[in-house]
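Next come two complexes built around chain A: one with chain B, the other with chain C.
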Partner chain A sequence: MTTTSPTAARYAGSRVHRVEDARLLTGRGTYVDDIELPRMVHACFVRSPMARATIVSIDASAAAALPGVVAVFTAADLNGGVKEQWHTSSGEEGPETPRPPLAEGEVRFVGDPVVLVVAGSRYIAEDAAELVEIDYEPLTPVVDYTQAAEATELVHTSHGSNIIGDLGAFPLSTFDDVFDSAAHVVSETIYQQGYAPVPMEGRGLIVDHSATTGDLTIYSATQSPHEVRMFCARLLGLPEHRIRVVMRDTGGSFGQKVMVQRDEMCLMLAGPKLGVPVKWVEDRQENLLSAGMSRREHGVARMAFDDDGVIQAATIDFVQDCGAYPTPWPVMTAAAVGVFFPGPYRVSKATFQARTVYTNTVGRTAYRGPWQFESLAREVLLDIAARRIGIDPAELRRRNLLRKEDIPYASPYGMTYEQISPMETFEQALSMLDYDAFRVEQAQARAAGRYLGVGISNYVEPSTPGYGYYGTEAATIRVEPSGKVNVHVVGGSCGNSIETTVIQLTADALGLNIDDVATVQGDTAVTSFGAGTAGSRSGSMTAGAVGQTATILREKLAAIAAHLLEAAVGDIELTDSRATVRGTPTVGITMAEMAKVAYFEPQKLPPGMTAGLEASSRYTATDTSIFVNATHVCTCEVDPVTGRVDLLRYIVSEDCGPMINPNVVEGQIAGGVVQGIGGALYEELAYDEDGNPVTTTFADYLLPTSTEVPIIEYGHIETPSPGPGGYKGVGEGGAIGAPPAVVNAVADALSPFGVTITRLPLSPARLVGLLDPSTRAADGSDQ
Partner chain B sequence: MTEIAIKITVNGRPQEAVVEPRLTLADFLRENCRLTGTHLACEHGVCGACTVLVDGAAVRSCLMFAVQAADREVTTVEGIAAPDGTLSPVQAAFRDCHGLQCGFCTPGFIMSLTALLRDNPDPTDEDIRVGLSGNLCRCTGYQGILAAARQAAPGPAEA
Partner chain C sequence: MKSAPFGYQAPTTIAEAVGLLAELGDGAKVLAGGQSLIPMLALRMAVLDELVDIGRIIELRGIQRRDGHLRIGAGTTEAVVGADPDVAAAVPLLTRATPLIGHFQIRNRGTLGGSIAHADPAAEYPAIALALDAGLEVVSTRGRRTIAAADFFDGFWSTTMEPDELLVAVDFPVWTGRRGFAVEEFARRHGDFAIAGACVGVALDDNDRVTRCAIGLIGLGAKPERPTAAEASVVGVGVTDVVADDLGRLAVADLSSIPSDLQGSARYRERVGAAMVSRAFTAAATEARRD
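Let's turn to the complex of A and B:
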């Protein structure tokens, strides 16, 4: 039936202005800290100053006596209230990290929450926190994760080992015969430093417990209000429907706010004891101390090549630091590093081992491309291999990348890559640069004593997980009695523009003028369950939910219009917020007129049709993953005297399928790329050897600023996915592709010096050290 | 703690309060004036999210006490659109150029850029980059922000 096919796309694909912007540009957004409730009190944590110590005693009497203080909680007050603690994506049966809300008996990292102070204002809560006296007996911490597996000291004594898990495919020796007989074998141990998502808004929540009903309302900075609700229901043993979680604006997250952590557990436990709403908003120091670390890891990456540089086998032996309290359980994510290590290349023989370890540092959390080390290790190794074999790094990739005729391609671990285009994005990106011309420019520059370099990285990533907790998404589309339309989805935006996206998709699906559509998101009371933003899933999953729901409503609208206009259902077209008869566009009826009939004159509806004008439906993903590929190409100049790196051009060619809003796609790529540049060059969540964090302010933890970033150039290849609209996920890729592209560019610039770069970040000091023969030996594995 | 009576003109309206000397200007604006558009993202003067104009100069309201702003004029992000709600040229350029995503750093950028372009209506790209280097953004990679600054710059003054 023609009316059930979508109307012509009018908004999808165009650079529609964001509906979020009007409030955010005028200071009228609603972030957690902007919410004020009657009688609200404020919480502040007292955190451990030691990496590992026994808590001998806590004296909170002076704090409790301070005027304005409402309560002081220790583990003895809160921890007994925990009924269950597990994240929905890990599952009830899954192994979990021990996760005491407040530290109990032992502190396990600097920043570990020990005492929760609640007072009438944040100022008084902080005053009181300083009056809490805690006597610690220091213990030897496990700081260096590379030694954690063998350490005699244990981070969690109850676990019996510092190894959280070992997962792998075949033994690493499986393909030794291939390596033994290969023309070239290249193996390097590549280290990535710890860095973090660092959203501009820290974590925060308000817990409002109603003493009369026992109901709980939580306002949270989160990516997933439904996960906050489910977690809280289990934590407190409350029925899920007695809890409402509301998120309004959330100031960035990038993975850090995707799951409930211990600090939030404390607030959930304290709320019902207080009888008044309680707010906790993390400050920057807390965020850098306690909100989580990502990336600290290394791997022995090894590839065998034949005479022509064709990859014969690839293995990686990977170890990941998970800190003291990782969220979520990290073993599967670590294994993904191994699974995706072969990348978008023809590699038939591959294996890996992946080990996760506890240390006395802040816990690992999700971060944009949680397994991006696979791309870093592979792409950096490929450049090292190219230099050793004596082949141009672009040519080495060209000989191994998946070509159109190789696809569909079964990866060594059984995933099938279809609908991807690695060779096409690669050639497009090189062409945008004019790679050959750059090599000429580079040679001329070198002759003049200047060091330019070019770095390439290719990757394929799984987006839109289509299983379990993530595998469905719901929408409700409601034509209100005036004919205006509201679309309800859970959303979970921390900046990803999903409000605009959903409005674009709904307007197209129902032939509406975009100003006639609004969206309601982020409130568990009025949106059906959904996993929120994670895994680059929002575009595809909400497109599925909106599309499926709109189909139901479109059929009803067509039937109403046909009945009222005395036309055939098949001749009804929905456009401009009207239903018209094909061929005679002057004959029509507005959405407002149809809504009036549907709500107030149901006797005029087609016989048997129910009154009202809304539909709800839940979309089920059809694929386990939707694969996305891209190529990043970066050029730079390195000053060998100062170690300064200037990025010159940055090109991303990606294949995310059709774009719903090119501004949003480019914005996601740019944001991810600059986070990756930060990781390659500037950022490090660093600890000293005693486990003291040394980067707890923005003066020490260096984010990229407007003076360092290159202009990012975008290329686009469009291979539709098998999912709704052909869309793919594009939220994480920028942060995956950028670090290896930048590292390779710097290494290429410095290739005349014969250095091999295997440790990040590429700070001026590290580069100068690499170039100075007298200090090179001091830099560990660099050679 | 001894409290001090202050008067501050905020977005053209006189505000009076009796405050602790330690109350920051940012908290005064957010809590006393209920102007929550000024955001706190580091509270140590690096990120620029809390930037407001004090007597026209861009300042970090987390590093200034409310009492230091006594008898001065403060402009926040809530105060720069036209009275009829029309966005200022800087605000409109941020919208046009996708200069914001989560929006948390945005008020600070808008205030910094508003001051920058007032003082230098025809900045070079380098002027813009340096002028905005005291504001941190984690979402946009600065791409849309730099484009917005370019769009919003009035250009060379008429002779």
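Let's turn to the complex of A and C:
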């Protein structure tokens, strides 16, 4: 069979303007709250004000009697409707943690949904919520996750322990002989605070149940409309094809909306009982109370080095706080921290121990690089080690990083790193900074009483999971009768430019002018199943799906053109939305002319060819993971009087393979870096010792803004992956690499004071507390 | 985050506004720029029967130079205060502090009077009013009076205004001669309320001796604070003989209600406050010496 190759990429690799920008930047996006349906009512939750308490009684009579109130639901009204409540990626047989829609008998964190109030407006719903009287009998909460395993109080009595799971590789003592005989052993306990994805748009959905047909339409802020549909079908026991889930624009997610949580379950259960559409849009306070926490964890990171600073062994023993209701089951994601702890370095001896625990705080959810503690712990430890051994931190890394000649490299846990370039990104980033010049500048500044620092981090991360739920992706490309083209993929864009990406790829694959291509995404009624946005998978997977589908269509187009132009199929070229004959570019036929024949004059098609111009195909990933590496370098100045940190330069050199669109790549990196800077310096989802959250508005939960973040500088190394187009995932890395780079820069700035930084965030008060312990709070904490 | 129901009145004259305040009583609250009150209503931290919106009262706006004073209408927005050349010439501290108030969107709505009447101890204008001995002119149906700034702030978000009184204008004394001003504050992020800050005014005689020193402390108590002993300690001293760090330490030495929270302990804030006084004094003194 003759295959027509795509012409040279015209759009892939170029900085095509995002097709999403015109609507998003002019305030014309369509988020859940922008959708208005006739007769729609509005929901609000009554949430627990206590970290742990028995629900003695609920009196909703006054709330129900308030004019405008439509319904008031408690656990007794909704929870019995649950048929099944498992997420597709975890599987029906997978281990699970509890997930009651409304709290039943006991509340387990401040923010736990107890009652669902539905009214004619959100204002009235909130008025009614204040009228619900709940009698609580307080119980002693488990707040400090570091004590949870030994606590006598249990978050979930039925579980019998606050330990969700322990998982490890080899025993931690496996390499004791290596540590015992090493020239240098460096071990530190490193703490990361809880922080959260904080999407601009909170969670939200509209559930529209048709009483006449029984069909359910859900408008959802999600990363994965098909998962919302599958989950809802199982939850309610409805046939999947009677449910349609539509996502329009989703205003950020970063993992928080990757799976259905309890609040959304309540709306799905309540919707069919109401007879009218019901909307719930999470407000900021709810988002910070109840949408999920990430990152809160600590671990003992330990490395053995020889005399030259060459790593002999590496271990990490860590504990993650999973709150009361984690989503998804957290034990496996915790293991990823252990597996990636050795990083992009030559480490042949490594092991880990991971523990996940329940506490009476908001549940742990996925967040951009959920395993990023491996990089934080490793890279912070490497800088501490460099100072102790007396070697420059860049040089210590250089002696241990994987070099070209080491690759392919088998990690201690059996993963094979190929197509990565740790030494190349490292040297590129250092050269962008001019590392040696910075060290000179730093010395001069110190002499003048100013404290500058530089921090480096390297990492390797898995992207594009190629198994199970995530392992395939579909596309339908439809040349409409006018010759204009629509490409249908599920997408799941939460701001990550999948529309632009798919349009670029389709235009290249079919030789189309980019303005002739549009895309349809996010609606289960008109897209085939796909897992949506997760695991930095969209670039590679949609490239696979579009590429495979376009190949089918390209062959059909070539056959039609060859037939109509009386040329050989092998001589047909597709370019500029036309088919031409190789060597005779004046002889050609437009896409519009071919579409007209395909739809309206099928008798002119090659004999036996079916009418129409449309193809669908489903791509199957070939690799379990596509590995990506990067180096982050950050410089800063610290004021030792106030603890103020000013970031001066921020450099990222990454290898995400060939770039489909450098603007999109850099946008993804920037977003992640800013979140990582937030985690290192500003953000903390904090609780007091009684389990009361103390950061429930943006006055207290501090996000970095444009005034705190320096210009981010990008370097690119493009080593093709084995996947479609050689592309790799780039969605998560920024958030992985940034925290350790910032921490190391601050620690380097303060190195003349001999302090060791092991606890985040680096608030000014915490830094001053390290320099002057007398400024710490009375309880001795460094807050 | 939807407010509880409230009544809303939008008078167009001061007389009408104070009439409403007298009539509506304790359940009524004046709405100025709304940059603190509206979020508090949305969070249901405040539940009020009636809002009296003074945003349409033209006579509350404007800036006038009078002999020895700069009079600013309470309804003048922070953005206008920050950009006004008369303010810059007469009361430079206001001009320099204004960019530190929130973000420009906030300053476009927030008003000078709203900030002072709200009396947040971490806000800039209350501390400046206190340091410069401003006069706060208030009106009710019972008449008009001027409250000295030293008598105006009496606790966290609390003033000595009666519930039926409306702040209509603030009179800032204008310093003449060789003088310098500076405001220094430390906030976690640009636009946040300060962890600690200080505004300082310094006047010098022709021999560079300090004739006057005014210090307002920001974020270091339940209300804006004025460390009078520290101020007095430098009067009569040659400005180059003042050890600014010592002045800073003295300025925060007697504070008894420094807040302590997630952003820092009282001891931490004290340290930062001392540094802010020191830095602000140094900058103000440098400016005064150039005068």
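What we mean here is this: the second predicted complex is superposed on the first by the 769 of 783 C-alpha atoms of A that agree within 3 Å, B and C clash if a C-alpha of one lies under 4 Å from a C-alpha of the other, contacts with A are read in each partner's own complex, and residues count from 1 in each chain.
Just so it is clear, a residue touches a chain if its C-beta (ideal position, glycine included) is under 8 Å from a C-beta of that chain, and two chains touch if they have at least 3 such contacts.
Because the structure is a prediction, the values reported are computed rather than measured.
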Partner chain in contact with A:D772 - chain B first, chain C second, else both or neither: second
First (chain B), second (chain C), both or neither touched by A:D515: neither
Chain B versus chain C as contact partner of A:T697, first or second or both or neither: both
Which superposed partner A:E84 touches (first chain B, second chain C, both, neither): neither
First (chain B), second (chain C), both or neither touched by A:T705: both
A:Y123 touches, of chain B and chain C: first, second, both or neither? both
Chain B versus chain C as contact partner of A:D33, first or second or both or neither: first
Of chain B and chain C, the chain that contacts the larger number of chain A residues: B
Partner chain in contact with A:D283 - chain B first, chain C second, else both or neither: both
Chain B and chain C contact sites that coincide on chain A, given as residue numbers: 123, 283-284, 697, 699, 704-705, 707
Residues of chain C touching chain A in the complex: 1-5, 39, 43-44, 186, 188-193, 195, 260-265, 267-268, 271-272, 275
In the complex with chain B, residue positions of chain A that touch it: 15, 17-18, 20-22, 24-31, 33-34, 123, 197-202, 249-252, 254, 283-284, 493-497, 663-664, 666-667, 670-675, 697-699, 703-707, 709, 711-712, 734
Residue ranges of chain A in contact with chain C within the complex: 122-123, 126-127, 130, 283-285, 641-644, 682, 684, 686, 694-695, 697, 699-700, 702, 704-705, 707-708, 763-765, 768-769, 772, 774-778, 783
Touching residues on chain B, where the partner in the complex is chain A: 20, 22-23, 30, 35-44, 46-47, 49, 76-78, 81, 87, 91, 94-96, 98, 100-107, 110, 128-130, 132-146
